[in-house]
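I'd like to ask you about the structure that follows.
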Amino acid sequence: MLRFENDYTQGACKEVLQALTQTNMDATPGYGKDEYCERARERIRELCACPEADVHFLVGGTQTNQTVIAAALRPYQGVLSADSGHIQTHETGAIEATGHRVMALPTPDGKLRASQIEQAVRAHFGDSNAEHTVQPGMVYISLPTENGGLYTLEELKEISETCHKAGLYLYLDGARLGYGLAAAQDGLCLRDLAALCDAFYIGGTKQGALFGEALVLTAPALKKDFRYHIKQRGGMLAKGRLLGVQFLALLEDGAYFAYSRNAMERARELAEGLKERGVSLLYPQETNQLFPILTKAQAEALEKHASYSFWCAMEDGNVCVRLCTSWATTPEQVQQLLSYID
Amino acid sequence: MLRFENDYTQGACKEVLQALTQTNMDATPGYGKDEYCERARERIRELCACPEADVHFLVGGTQTNQTVIAAALRPYQGVLSADSGHIQTHETGAIEATGHRVMALPTPDGKLRASQIEQAVRAHFGDSNAEHTVQPGMVYISLPTENGGLYTLEELKEISETCHKAGLYLYLDGARLGYGLAAAQDGLCLRDLAALCDAFYIGGTKQGALFGEALVLTAPALKKDFRYHIKQRGGMLAKGRLLGVQFLALLEDGAYFAYSRNAMERARELAEGLKERGVSLLYPQETNQLFPILTKAQAEALEKHASYSFWCAMEDGNVCVRLCTSWATTPEQVQQLLSYID
Amino acid sequence: MLRFENDYTQGACKEVLQALTQTNMDATPGYGKDEYCERARERIRELCACPEADVHFLVGGTQTNQTVIAAALRPYQGVLSADSGHIQTHETGAIEATGHRVMALPTPDGKLRASQIEQAVRAHFGDSNAEHTVQPGMVYISLPTENGGLYTLEELKEISETCHKAGLYLYLDGARLGYGLAAAQDGLCLRDLAALCDAFYIGGTKQGALFGEALVLTAPALKKDFRYHIKQRGGMLAKGRLLGVQFLALLEDGAYFAYSRNAMERARELAEGLKERGVSLLYPQETNQLFPILTKAQAEALEKHASYSFWCAMEDGNVCVRLCTSWATTPEQVQQLLSYID
Amino acid sequence: MLRFENDYTQGACKEVLQALTQTNMDATPGYGKDEYCERARERIRELCACPEADVHFLVGGTQTNQTVIAAALRPYQGVLSADSGHIQTHETGAIEATGHRVMALPTPDGKLRASQIEQAVRAHFGDSNAEHTVQPGMVYISLPTENGGLYTLEELKEISETCHKAGLYLYLDGARLGYGLAAAQDGLCLRDLAALCDAFYIGGTKQGALFGEALVLTAPALKKDFRYHIKQRGGMLAKGRLLGVQFLALLEDGAYFAYSRNAMERARELAEGLKERGVSLLYPQETNQLFPILTKAQAEALEKHASYSFWCAMEDGNVCVRLCTSWATTPEQVQQLLSYID
C-alpha cells in the first residue's frame, strides 16, 4: 500500500540511521548532557546566527508545545492560536491540562493576522474588568500551517512586532519547518525565526529523523530553569544523545534542507498531476501537504491502493482528503499515486 | 447614585439578615455539618421533589462551576458551553485551571441547541482519531442565560435527552435561577430541573442572600466524595451554617420566589418605560437583565445619575448597556432611572 | 452543649454584625472595588506601616493559601512547610491541585527552623541533577502554628533572612494571627510581619468576623495581576464589600485586638484550671489552642457536656484533645468546662 | 572512560538495532496502530498469561508514571509511595503537576510494607473529617526499588491484597523489571505481576532498547480511553511502530531475559570483587545497582577512570556511590573497574 496519509509513515533517512548505528555502543552521560547534543546545539545556534540561544531536544511536538507554553504563561494567561492550530485541534487538550486556555481565533486559511492579535489584546487590556477574563500571554503560530500554508517574512515581522509591543511571547510550531523554509519564496530562513520569535522548534519527526524536535529559545525570560520544565512534563529522554546524534546528522551537512527540497519537488509534481486530472485543491498548494477534492468514486478507488487522511466532507458530496509528500517520497511513488486517480 | 449595573449591589433581604442576627451566637459544628444546613438541604430536596438528591452549599458561582465541572470530567474531557457562557467569558479560565477545556459553541442568543450538542458528540465519537481531540463530557447551560434569555421546558427536555443518550452530564448554572423561574411562561420549576439535570445550583448571591449558592446533585456518580472536591477547591466555608441559615430563610416560606417576582415586575416596568421612550433592546426582555441600546448622549447623561454595565458598542456608534433589576429594586427606583433617559 | 472544639463555632462579634446591618442596603460596586474595602485596605496598610502593600480580601484560609502559593511558584517549584502545616494536613491537597508539591519537613513542635530551610536549599541547589527534583520556591509558616505554638521575632527574622538570601518567598498563614500577636511576649506586631514576610494574612474567620481573611502582599513581584489569581481560584466575592465592612469594623477601633486578648485570657484561665486538676498538656499553652491529655474516662465524661476535637491517641491509652477559646468565650464558659473535668 | 553511573549510557542491543534498520523504510500507520505494535502487544499478553490486558507503549518512565497515576486517581486522591520512590525523588514533581500528591512513607530499605499501606488507609478512612485530607487512591512500588532491592512474591501478594481490600490500585514501576525478574530467587515472573498489579510497566530504556516502556493495564477501569491520556500527556509517539519493533525484538525470542541475566552475572562479579577488596555495600546486592562505600581517596582515584553516581555522604567522611551493570556490560569491563579500586 502506498502511504500518503502523513509525512511520518517511515523511519529515518540514511544519514540518521547510520549515525545512530555508528554511535550505538558509545557510552555517554544521559539526559542531553553529552557531546553529541552539545555539538548539535552549537550547529543550530550557528544556523540561527544566534549564539546566545538556548537549544533543547524533545521527543515530540505535543510535548514540546505543552512544555513551552506552560513554561511561558502565568496561571491566568492563555495562548492565542488560529482555531485550526494543532494545539486547539489535535492535542487532546494538552495545553488545558497544564491549566491554560487555548484562545482560538477564526481564520479563513489557518494564518493568524497581526490585526487579530492586536484586537484581542485591545479587547482584553481595555476592559475595566479584565481580571474576570483570560489574559493573552503568548501567540502560537505554525509554519507551515496545519493546512499547508505559509506566512511570509513580512507577515511574521508584523506579528512579531505586534506581540512584542503588547508584551506577548511569540512561539512558532515548526513540526514541518524544513518543508516550510524550502517552500518559502522570500528567502525566509532560520535566522529570521530566531530574530522574530521568542521560541520555535525545528521539527525532526516529520523530516528525516526517527523522532525528535529541536527547541530554540531566544527570549531570556524563557531560558531560566527550562530543563526543570522538560523533566516535569516527561520530555527528558534518558538516552538524550539519540536526539543530538540525529540532529547532528540532519544539520551538519545540510541533509535536512536537501530532504526538505525533495518533499517540495514531489509536492509540486503531485499538484501538477492533480491539476492535469482536473482535481481541484481546497487550499492552494504551498508546501508538502495537499488537499485535493475528490469525488466519492475517486476517493473510494484511491483507497484501495493508497492511504490518505480524510480532511472534510464538502457540501456537494465530494470529499477533501489530505496527501503528504515527505523527505522519502520518490517521483515514482507520486506517479503511481496519480495513476490511481482519474 | 442609582445602581442598576448588576443584581448584587446590595446586602441581604430582611429575612436573611434577621435569621443571621438571631442565630449569630449559636454555637454549631463547622463545615456545613450543622442543623441549619441540614434543614435547608431537606427543604431543597422537598422543593425539588427529589429526596435522594445531594445538596451542598458553596459561597459563589465561579467556585461552584469550577468544583462541579472538575469533579465530573475525566482529565481528557471538556465541557460544552455557549460561547457566551459565564465559564467561557468571565471566570478567568477557572475551568482550564482545573485542566479542562471549555468547548465554546456559537449561538445567536446565548442558548445552546440540542442539535449543536448532538453534532459535537457525533463529530468527536465519529472520528477515527478521536483520542487526539478533547472529548465532550458535560454540557453547561445557564438559566437565565448571560443575556437574560430563557430555555423553555421543551428545550431543556430535548437537551437533557440528548446529553443522556450520549453519556454526557447536564449541568445548569442557576446564578439567577429564581428570576428565571419567575419569568418562565411554561411552569418550569425546580422539580423539572431536578428531573432533567445531573447537577444545578440555586443562586443566592444575586437573589436576596449575602452570598451563597445551593448545589443540587442528582446523578449518583457525581455524589461520591463530593465534599472532598469542595474542600480541595477552597469552597468549604468554616462557618458553613451561615449558608444553611440563609437558604432556610429564603426558602422556608417562599421569600426567594416572592423576591424573584419583584425583580420581574420591576424588569417589565423598566422594559415598558424604555419602549415608551423609544429605546430598543438588543435582546427581547425575558428576565431581570435588560440590554437597551442608547445613543452616546443618552449613555453619558445616564451615567451621571445611575450606574450600568457597558455591554458592547454598536456599529452605528450607539452603545448597548446592561441594566439589572433585583429582589430589592423598588418601583420608585425604576421610575427614577427612566427619568434620566430621554 | 458547650463548644470548645474550635474557634469558629459562633457568628460574628457585635461590631461586625452591626456594621453589616447598617450598611446592608447601601448599593456599591462589586468585587471589592467599593469604598469600604478601600478604607479597610488603607487601615491595614497603616497598621502594617507599609503604605505600598497590596491588600486583598478573600473568604477563607484554604482559598487564600492556594491562591498565594499558586501565584508565587513557578510550575516546577514547591513550598516548604512543617509537616504539621495546614496545607499539608488539612486542605485535601489544595496546593497539589494547583500543580505544586508541599515539601513537608518534620519538626518536634510545628515550627520550621531557619537551619532546615537552609539545608533544603543547599540540598537542592547543590545537586548537579537539580532539575530532576522539585525546587523550593517558598516557605510557608503558620503563626500561631497548628498546635498553638509561636515563633519569636528573632526566629522570624532568621527565617526571613534565610529565605531572602536563597531567593525564596516567605509566606505566613495568619488564620489565628490576632491570637498569636496577643500572646507574643516580645512585642511582635503587624509591622514586623510586613517587614519580614512577602505575604501574610490577617485571619478574620476565627477572630470575630463571619468569614474573611485579609491578605497583605509586600513583595512587588507578587502584586502584579493578583486579582486575576483570586478570580481564577474562585475567591473573588461578588459582594466584596462584605469583607471590607467586616475588617473595617474589626480594625478601625481595635476590636480585633481586644477580642484577641479575651481569647488569651480565657486560654490562660483554662490552662490554669487544667493544671489545678492535674491534667497535663501535650504542648505548652502559648495561644488559644490547648491540648490536654485526658484519661479515657475523663474524655468520655466531658463529651457529654462539651464538644472538643480529638487530637491523637497517646501510647498509654490516654487521649489528647484540642480545646479552643475564642473572641466570644466567657469566663463562665471556661469554668463550666472545667467543672466537667475531674 | 568506563561508564558505570547508570544502565542507559549506551544505545540498543543488536537485536533491536537490527530490527529498526530492517523495518526502517516500511510505511505504516502512526501512533501505535501498526502491525509491529500489535504483535508486540500480543507477545506481552502471552508472556503475562493475561489475554485481556491492554498494552500501551510509551517513550520514558516519568511520562509513564505521570500518565498512569493521573489516569487512575480522582482529583482529591494521592498515591502512596516509599519516600525513596522515583516519583517522589526524581521526577521534578511530575505527579503534583497533574494535581495529585505523592504521599511519601518512610522505609528503611525502599520497600513499602503492606502494614504501612493498611495504616495509611485506616488513618484516612477512620477520620471523621476525612474530606479535609488527601485520600489514598493508589499504591506505587518499584521493582527493583530505587536502591536495588527486591520484593518477594509473598510481599507482593500481601501488598496486592491490602490494596484491593481497601479499594486502592496497585501500580508497579518496572523501569528495571527485567533485572528484577532475573534476580528473583522465588520464581517471580510477568504472570505474577499481571495477576497482582492493576498496572505495571516493562522497562525497555534501561534494558536493551533505545527507549520505550511497555505499560500493561489489567484493571478494567483503567483501560477505558487510555489512549486519550497518553496523547494528552505528550506520550503518543508519532512513529509509534518504533516502540513495537523494539519490544518485539526484545521479547520475541527472549533477548530481554538473556540480557537481564547478563547484567545480573556482571553485578555478582562486581559485588564479589568489591568484597575481595574489603569494600562494603550500603544495601545488600540484589540486582544490578550496587552501592559501595568508598573512602574519599578511593572515590577520587576511581573518578579518573570510571564514572559513577554520587549517592550520599556517610557520617564518617566516606562516600557511597552507585554503580550499575547493564545488558551491555562485559566481564572485562567489570574487572577493569575493579582494578581501579584498591
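Read from first to last, the chains carry the letters A, B, C and D; within each, the first residue is number 1.
As a working rule, a contact is a pair of C-beta atoms (placed from the backbone, for glycine too) under 8 Å apart; a residue touches a chain by one contact, two chains touch by 3 or more.
The structure displayed is predicted, hence computed values, not measured ones.
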| item | value |
| --- | --- |
| Superposition of subunit A upon subunit D: rotation angle, C-alpha, nearest 5 degrees | 180 |
| Most remote chain, CA-based centroid, reference being subunit D | B |
| Centroid distance [mean C-alpha coordinates] between subunit D and subunit A, Å | 33 |
| Chain centre separation (subunit B, subunit D; CA means) in Å | 49 |
| Rounded Å distance between subunit C and subunit D, as computed from the means of their C-alpha atoms | 42 |
| Per-residue overlap in subunit D, given as positions that touch at least 2 other chains | 75-76, 91-93, 97-99, 129, 131-132, 228, 231-232, 236 |
| Residues on subunit A engaged by subunit C in the complex (per definition of touch) | 31, 70-71, 74-76, 98-99, 129-132, 135, 225, 227-232, 236 |
| List of subunit A residues in touch with subunit B within their complex | 75-76, 78, 89-93, 96-102, 129, 131-134 |
| Partner subunit B, residues of subunit C touching it in the complex | 1-3, 5-6, 8-12, 17, 20-21, 23-30, 59-63, 66-67, 91-94, 97-98, 205-206, 210-211, 228, 231-239, 242, 307, 328 |
